[in-house]
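In the part that follows, the structures are each spelled out as structure tokens.
In the two assemblies presented below, chain A is common to both, partnered first by chain B and then by chain C.
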Partner chain A sequence: MRWRLGRDSLWRWLSGACVALSLLAVVALLALIAVRGLAHFWPADIERLTLENGQQVAGIPRGGEAETRRYFTANRDLDGQVWRWIAVDSIVERETPASLVYVQRRDWGPFIGRLAAVTTPAGERLRGDAAESRLHQALAGDAELATLSLHNVEGRDVTLPFAQVQSLAWPNRMHVGDKLLAWVDGVWRFLSEAPGDGRVEGGVWPAIFGTLLMVILMSLVVTPFGVLAALYLNEVARQGPVTRLVRIAVRNLAGVPSIVYGVFGLGVFVYGLGGQIDRWFYAEALPSPTFGTGGLLWASLTLALLTLPVVIVATEEGLARVPGTLREGSLALGATRFETLKRVVVPMALPSMLTGVILAVARAAGEVAPLMLVGVAKLAPEIPLDGEFPFLHLESKFMHLGYHVFDLGFASRDAEAAMPLVFATATLLVAVIVVLNLTAILLRHHLRARHRALERS
Partner chain B sequence: MTDPFVSPQRANRRARQRLDRLASGAIAASGIGVVAAVLAIGVYLTLAVLPLFEDASVEVDAEPSPATSGASIVWLAEDGEYWLSANGRVFDAQGEVTTLTDEPRVTTVTEASETLPLAVGLDNGEVSVVPRDARGQPRWSQATRWRLFASAPVAALHLQSTTHGWALAGRDADGQVAALWHDGGTARRIALPDRAEHLALGREGHLVMSQGTRLTSWKLSPDGSVAPSARAETAAPITALAFLQGSRTLVVGDAEGGLRRWRQRPDDQGWQAAETPYAALGEAPVRRLLALPRQRLWLALDADGRLGLYQAMSGQRWQGVAPEASLPVTLSSDARGNRVRWLSETGRLYRLAVEAPHAAVSTATLWMPQTYEGYASDEWRWAAAASGDAEPKYSLVPLAWGTLKAAAWAMVFAVPLALGAAVHSACYMSTRQRARLKPAIELMEALPGVVIGFVAGLLVAPFVEQHLAGTLALFICVPLGSVACGWLWRRLPARWEARLPPVGVGVGLIVPLALLCWAALSVSPWLEAWWFGGDLRAWMQQTLGWDYAQRNALIVGMAMGLAVIPTLYSLAEEALSGVPRSLAEGSLALGATRAQTLWRVQLPAAAPGILAAVMIGAGRAVGETMIVLMATGNTPLMSPSLFEGLRSLAANLAIELPEAAVGGTHYRLLLLGALLLFVFTFVVNTLAEVVRWRLKRRYRRYGARA
Partner chain C sequence: MSAASFPSGEAVRGSPPVVDFSSASSCFDIENLSLAYDDKPALSDLTLKVPRHRVTAFIGPSGCGKSTLLRALNRLHDLNDQVTRTGRIRLEGQDIHAREVDVAELRRRVGMVFQAPNPFPMSIYENVAYGLRLQGIRRKRELDEIIEWALLSAALWDEVKTNLHASAWTLSGGQQQRLVIARTLAVRPDVLLLDEPASALDPISTLKIEELIRGLKSQLTLVLVTHNMQQAARVSDYTAFLHGGELVEYAPTDTLFTNPRLRRTEDYITGRVG
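Entry: the complex of A and B
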């Protein structure tokens, strides 16, 4: 028996492999997204390669295979592309000269090359160290500059207006500490700025804001209705086959595909309600629709409907955990049913309602398919909240992190160049959802411990 | 006014009770309202889909208006505003507008259309062609005359637009056929070497003629030449011909009342009759066929005065009685195909309202294979967003197939993994380990589809394309490897065991499995070179004839499998750990091993719950949108291959619904897709819920007995 694996062990190890494989897949997925998303902001060293044919290439190594490596060479305006596959055999020399500069431009994406000179608004042309020190002053806002003269490793010139410069760095000169600062700065820019040219550059602030606003509006709708429906099912309605049927129906609605909710939202909210509102209040703007097209309000309502079962189920679970003796005690002391609910039952079930809402928010934040039908936009750099009456523009289209991932990855002009941003956005989205879910899990854990204590006493 | 006899306490109590009643009412109202609103989804979808299956109808005015100039009228404009009498006078509502021709009398006019010039046949063998302005109004003053026959009166005329001008074909009373090809400035006359009783002229100079039972097809060319392209015989003499929209389908009516569709062969060589004829109007010969400009609808009229409305794919949609038994002098349709004007010999004008907005959809066109234009055989196709004259293809089968295929492959990946994990955590894990695993799996459930889909579509798909052999090798290596790990573990000296961290099998296997995967992927290129000549994909293509698409069912199966594992796991684990402990303990006490207990006691007891878990997981996989959208090529194919793309109902909704015209056939069909998804998931989930509920009751009974 020692020599062979018993049947008992066989199943133990095979089923263990299933657990391991599932966990491995998730860990690998998360690690992959996080590493590639966060590495994007790290100012990597720029390599200068001299190839067999004498050609010089400057770029940042980004993956590749054993025989050919991939370099991010930037300079779309000069080369027409930002990536190059270079055979390892053809590389004669590899170095990281300190003079190579990485410029993030507002148009045409990044530039990799050397700084030749800078020109002041007065027309003075500075070179060498003078140019660099003036440039540092200008970047800090202490001096003004008109243009930068740059040239790439092959010596081709580019004149760049200073206003085009978003950021500029010499990564090969930076220490780890500097790089860390630059990384933090990059992450901050990503979180706080609007998408730039072609959505491949810049940040995702409008998408973060749009997601948040939509989720807040949604929870404002879903919380009262979900809780009321759960109270009705659990506390008010007579328990019997009908409530059981309704409960099964509600539970099933959690399994109805999200896109079906999107279809419903499009047909009923957007075309039905929105079209009617347009005919009543915005008749002068027709035929261009105001509310009769996808927008923030309709997206929030659709997602509220989608997450309603989540809130109902979680709240009901909480209500069922409230011991009946407490209700009876309260009623026996002369409280009415409403008072019992208000003072005893609901406060005790409050954390589970909160759990439900958090789970609903987590689900809504990651849901994209229905939004594609009811109001998400590819690019809406203006956030729907501003100083103009009525301040919150419920009819406007908005950006969404999840849709941003889809759109950048599958519909952008240069999918390859957009990849790092897609990863970064996905990391952000996953982080938000993981945090929300962890909160819900901890809350529930805490809650169960409390209830157990209550039952024991 | 307060009642002086009511003490403040009593008033307070009343107020409290009123509040209580009010609150209960409010809670009940909003609770019922919420439940109703949620159920409204199904109701809304059903209501939106129903018009698709409404019957078509053709309604004839009760009151025909008498035409002013009596029986001599030969032509009516589409909007009924103009008419042309046989003596060449053009009238509108106010009276005579112009005189088209004085001497030669008008014998025939081409079928009306808003975009094509109007051709008028004269009794001296000439034709007069009237161009139209941008709004479709004829410009009578710019009419040009062309000679078609030496002297014989023109008996029938057909006109079609060409790339640079128009082509026209006509027949005289003896059956002589001639054509004109107008190309910019001049027109060439083309004499056909054959006689014909009936004519139909299609796009690009395709001319079809019939003489008795013989159907011949000709190709006219701009240089004035004509070439026969095909000939065919029919069973009964042909009595009517008409091209449908796009000129790739020909409808042929015969003397026995038969109606049959002929379609252009895919190679453009001649015509092929459909195997089954359309439902006949009656026994009498078909006299007139009028193709309506939209939706491939046409009207057929037979000698007994029966009138029918047909659609190319779905067949007969309506049958009724013609306004008058005698043949109409003029039968014309407006540009949208909703109104048909019928001018009888007795000079009465009837208006026929055609109400068939979704005629192209029937149960057969949705679910049965159809022969579409340009295809050689019956096929299931989805191409609903067809533009121009292309034939829309409305079969839901490819989408349903794609949905089920994606879900099936996802289940192939997810079921073993999730059930294995559930068995492991229910039977081989301590409570503490289980409590730690659960949140991890819940987090996995919360991963948004868009993230999984994007990783699958943009990273995994290209990777698998390059390392196909390695990926396939993983499916063999991982189970074997984990068993091998178990064997090695047994063989390890005890002192090693003490040094390794004390974790369960599930967690402990992660590192060895990761190493194993890496090893399998790096060894596979050599194996591939050895067995498959270096490229498994090329080998599959040549040897097995399998195509490989980068985003295929394998990718979507893996990605969606990952997405449904948590659902499946949670439910299956719940079912397994719900099995009363007394059962397992009894089995173990009777001397059964753990494996025997698992297979003979725990799994059978939990089987209904596991089945419910699989059903709910399948329901999720069927409705998942973003993963399928991103991890497949979204090609509506009907291929069973693991390595080809697909398009699911849900992804199709996300792609096409924003662009579909509200209320149109395409829009309602998409909503039908949504309804199918809704019904499917609802039914599956309800069944699963019922199974779970009964199982719970059974466990409770066991528990009570124990």
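Entry: the complex of A and C
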């Protein structure tokens, strides 16, 4: 008896430990990408170091080891690099002077140094406090400026057109409250702005919009198709070897690698369907393709195809769970098969159908490989929705958060500088998927509630 | 049990028993009905009449085909591709398998109550309104009236009148079964088929259902399948004993239970075989 009890609790501990480990892994993963991503927008103090050899360096400490520290020194245009490894022993003096400024530029990435002077469009040159107050006015949109004169920590000059300035701050002067405001502002800019040419500057708004739009279009296509297919398989078709074969095929379709769907989408949608549409409707624009190249519509259709099995399987499971006695009860009251489906079976299976859509959305939002073939773009700052007829441009290329992570991490000019953005974008991708899923779950809840309300009316 | 030990039973084959409904005309007229599931015979060559405005009980051991016969009466077998049928069933003289017969309308006329209560996942009110809405009845007052009448007829009104809009699944098993009967009565059927309607219920609920059945026969024809001999004896006017897909004996209930013509019937009703 003792032995059996011992074994019982061992199993309990073992299974509990597995759950705990899984939870820990998920939390650690999310925490890691979230912390590393969000820390990027925190205006950290800038240190000025004086080294043994008399050289001066200004930068933001970003990790490193016990003997050598890593500093983010920015100023790619002057130094040709943005990171410096500095041996702790070689540092003679370390200070955080209030004059150091951090400028986010549209080109060449950030600049760290001092503000020397500003020049107005009239050619007037202002220095010191006058320069700073004019600069603040200009940043608030109340005044105009032509250029900024900046010195790096060693006194080398840089003249920066004011239009190049994305944001500007003196982090060493800021209190925690100011920094928090600046952080919120940074996150907001990241969410709401279009990326610059190097993709490291600016925000990811087009990618957020592209991801959401593509997933919504995909859901609009896959839901009716999947649900109708499941209804046919489960309710209409004669059950036999053929339906069994179709079911097996559908389930296996879910296991096909996603890149294969991408190739299929490229061949069938882009070249086949798109090419034909171009020949019929956009012949005057040929040989430059309109629909005959990757775009929003083809990406959505490809992903709809990819997620079709998920919706079919979930819907079929929901339909199979509706008890046969309820169907018979409905038929025995004089309902036709269609009325029984509409009034009893489908309402009862509705939550399962939405579960299928939720799973499909979760899968589609994170899928990158097939998109590379059917329409995702490295840089498409314009969102495919505007005031110009037909408002929604289904043929245009679009940005996608998943692909943006890949592009930032592996294909950008400065992989090191892009790393924090990789984490930030990945965090955002997870957040977008969570939001999409929550929306679908709320919708499911709402439908259930409405169904109940209908019953009451 | 083999047929060989019941020589008298053999004699019945081919010469189905004829019941004289002295005081009632027939509602269902079943002629040479045979039914097979996947080529396995379930009913063979059945001929009998079901009298109008009476309670007819089908009794017999499990698998004797009594439920199959009941389901044939409202063509519920149509849903199953594997069922094949020969023979004819007439309802009030009309062949129910005729091309011009609307199956949905037939099922409205021939209501059915199942072994396990199967209320829809809706409110009590909506359960009863279900069949009415299918008939196109939309007006609230009309619905209210019929629903109250149906619930009264099913002896459920007093128990549910204050919470008509509660989910039907909150009712007890016996109440659910009476709700299903009310739901069926609401569409004004001519016939009510009951497939072991009390087998899942406690004795008090069973008693209520039985009272209900006896009370309903002034309004419609009832056909009851039961494996409970006392129940058949208590509520039915005519009883058919089926065995192995064949009709063994069919007689007024009093006669069948007190003075069965065949040994097989006597053995079954006295509990010696079954």
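As a convention for this text, the second predicted complex is superposed on the first by the 405 of 457 C-alpha atoms of A that agree within 3 Å, B and C clash if a C-alpha of one lies under 4 Å from a C-alpha of the other, contacts with A are read in each partner's own complex, and residues count from 1 in each chain.
In the analysis below, a residue touches a chain if its C-beta (ideal position, glycine included) is under 8 Å from a C-beta of that chain, and two chains touch if they have at least 3 such contacts.
In this text the structure is predicted, and so the values were computed from the model without any measurement.
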Partner chain in contact with A:139 - chain B first, chain C second, else both or neither: neither
Partner chain(s) touched by A:238 [first = chain B, second = chain C, both, neither]: second
Partner chain in contact with A:348 - chain B first, chain C second, else both or neither: second
First (chain B), second (chain C), both or neither touched by A:273: neither
Which of chain B and chain C A:431 touches, first, second, both or neither: neither
Partner chain(s) touched by A:336 [first = chain B, second = chain C, both, neither]: both
First (chain B), second (chain C), both or neither touched by A:229: first
Touched chain A residues, chain B compared with chain C: B
Touched partner set for A:325, first chain B, second chain C, both or neither: second
Set of chain A residues, in rising order, touched by both chain B and chain C: 336, 339
Chain C partner contacts - residues on chain A that touch it in the complex: 238-239, 323, 325-326, 328-336, 339, 343-344, 347-348, 455-456
For the chain C and chain A complex, residues of the former touching the latter: 74, 76, 79, 81, 104-105, 107-108, 111-112, 114, 116, 118-123, 126, 130-131, 134-135, 165, 167, 180, 183-184, 187
Sites on chain A touched by chain B in the complex: 2, 4-29, 32-33, 224-226, 228-233, 235-237, 246, 248-253, 255-264, 266-268, 271, 305, 308-309, 312, 336-339, 341, 362-363, 365-369, 372-373, 402-403, 405-406, 409-410, 415, 419, 422, 426, 429-430, 433-434, 436-438, 441
Of chain B, residues touching chain A in the complex: 16-17, 19-20, 23-24, 26-28, 30-32, 34-35, 37-41, 44-45, 48, 416-421, 423-425, 427-428, 437, 439-444, 446-455, 457-459, 478-479, 481-483, 485-487, 490, 504-510, 513-514, 517, 562, 565, 569, 593-595, 598, 616, 619-620, 622-626, 629-630, 650, 653-654, 657-658, 662, 670-671, 674, 677-678, 681-682, 684-686, 689-690, 693
